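To keep things simple, chains are lettered A, B, C and D as they appear, and every chain counts its residues starting from 1.
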Amino acid sequence: MKIETVEQQVRYAETDRMQVVHHANYLLWFEIGRTQLLASAGYAYHELEASGTRFPVIEYGCRLIGSADYGDRVRIDTYISQLRSRTVEFAYEVFNGDKRIATGMTKHIAADLNQKPRRMDAALLDALRVYVAVSTEPQNR
Amino acid sequence: MKIETVEQQVRYAETDRMQVVHHANYLLWFEIGRTQLLASAGYAYHELEASGTRFPVIEYGCRLIGSADYGDRVRIDTYISQLRSRTVEFAYEVFNGDKRIATGMTKHIAADLNQKPRRMDAALLDALRVYVAVSTEPQNR
Amino acid sequence: MKIETVEQQVRYAETDRMQVVHHANYLLWFEIGRTQLLASAGYAYHELEASGTRFPVIEYGCRLIGSADYGDRVRIDTYISQLRSRTVEFAYEVFNGDKRIATGMTKHIAADLNQKPRRMDAALLDALRVYVAVSTEPQNR
Amino acid sequence: MKIETVEQQVRYAETDRMQVVHHANYLLWFEIGRTQLLASAGYAYHELEASGTRFPVIEYGCRLIGSADYGDRVRIDTYISQLRSRTVEFAYEVFNGDKRIATGMTKHIAADLNQKPRRMDAALLDALRVYVAVSTEPQNR
């Protein structure tokens, strides 16, 4: 199983008046992690969209265990917790230094440009399969 | 059981290149619903914070069933799915016209300004209790 | 000259670690003001876009005189500071209670769906003309 | 004169329904450019804030000449267009590949934690001076 890792400098605008990163912004970091995983798998998402396959989000979840603030650099680890012919579920772990500050998941349906569900082709499924966690238990809920 | 209802005009900036509202923005709508519920309960959140009680988010989840676009007006219904002395879980349903487009939840811990967990006082718990759903089943996951 | 007025509750997510609204969010408020002005003029912007006319932003500016925080309610006054056949410049004043906290402008080109500039038709120009400030001096820079 | 250069992958969430980056997000890129310039100058902004000096934005402006979309990588060049003892004005140029897509400026006042204006100390001014453009003409308006 491969894990994709990407780092991000916390943006000032990502913080809120509690002086930590606003919880919604973890989803934007997840999106960056997923973007990079797909690119590493040979399927840059902007090219997938251009060729008529979209992965709209149908579910997401996140647990916040710690926090991050402006000045911090976070690391987002991304892998796949479930892969089916029409859906894919990504799992994420966010670290601030050594500390894991969040875990999360996003579930996507494969759809055409009219939002109609479609099967992913075999080559795409194969490319994604190397990122699938072996565990069959639910992850990151 | 009371439900708090608030409406929002979709902002242009809330949409993304898929020409629907980006999934992270539902969390901002949930925040508006929760803000209004607390205000209706007599505990405006900015006053709660000023008096030393914060509700940082420790978990959130959302299922997207439909979508909304610029030009739409959405309605957010907010209630409480679980209330304990130190944690509160809000549940949300988002409607676009007659169609329910999303359900979600956010779980919060009551904390002081140093992020140390604290018990909510009896008056606050009483004020929130009227918004608690009677169902004991898990909601909106 | 007509002025369009709209109010907004400050969102928690709009604040940053300085415990005021992040400066970029004034642009989102301007967008709400402009959306409402166009709707009042009989040209809801989502309908304009659907009919093939877009107003992409080609320039913007903002001066911040005061600030707003979560818990505040702001008022955005919008009018038109310059109107030509292919461009329109909106001007904005933002108030927090009695205090004017920001002024700003956004300049837009009328374009078709391929981003090619186009003349606005006479009916649209007439509808917008009532919002044009009589002053010929530069506004809100 | 030194120029600070930083690159950013366009985020999906930064786009809007016009399928380009929403104009407000250029301000977030400017913030990243400015953050990096200050760090390179030896004054990481999160440390400046921690030591009691803030640079709240009092004015900003941007001209959009081109656009960027998800899948693009943009480069932000940052320098200083005006430096005084109590104010600093940063200037920005954003490139998408070879094409310059935006120019902009943000003006800041040096303030203490109570938002009271203060003079920057000589060492800070010296560190910033190497980024000041020699031109005395107004930039990027």
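Basically, a residue touches a chain if its C-beta (ideal position, glycine included) is under 8 Å from a C-beta of that chain, and two chains touch if they have at least 3 such contacts.
Keep in mind that this is a model prediction, so the values were computed, not measured.
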item	value
Identity of the chain that, by mean CA position, is farthest from chain A	C
Which of A-C and A-B has more C-beta contact pairs	A-B
Interchain centroid distance [CA atoms averaged], chain A/chain C, Å	35
Centre-to-centre distance between chain C and chain B (centres being mean Cα positions), rounded to whole Å	29
Between chain B and chain A, distance of the C-alpha-averaged centres to the nearest whole Å	23
Residues within chain C bordering two or more other chains	12-13, 20, 24, 27-28, 69-70
Chain D-touching residues of chain A, taken from the complex the two chains share	9, 11-13, 27-28, 31-32, 35, 44-47, 49, 69-71
Residue ranges of chain C in contact with chain A within the complex	12-13, 15-17, 19-20, 22, 24, 69-70
Chain B residues within the chain A interface of the complex	18, 20, 23-25, 27-28, 54, 56-64, 106, 141
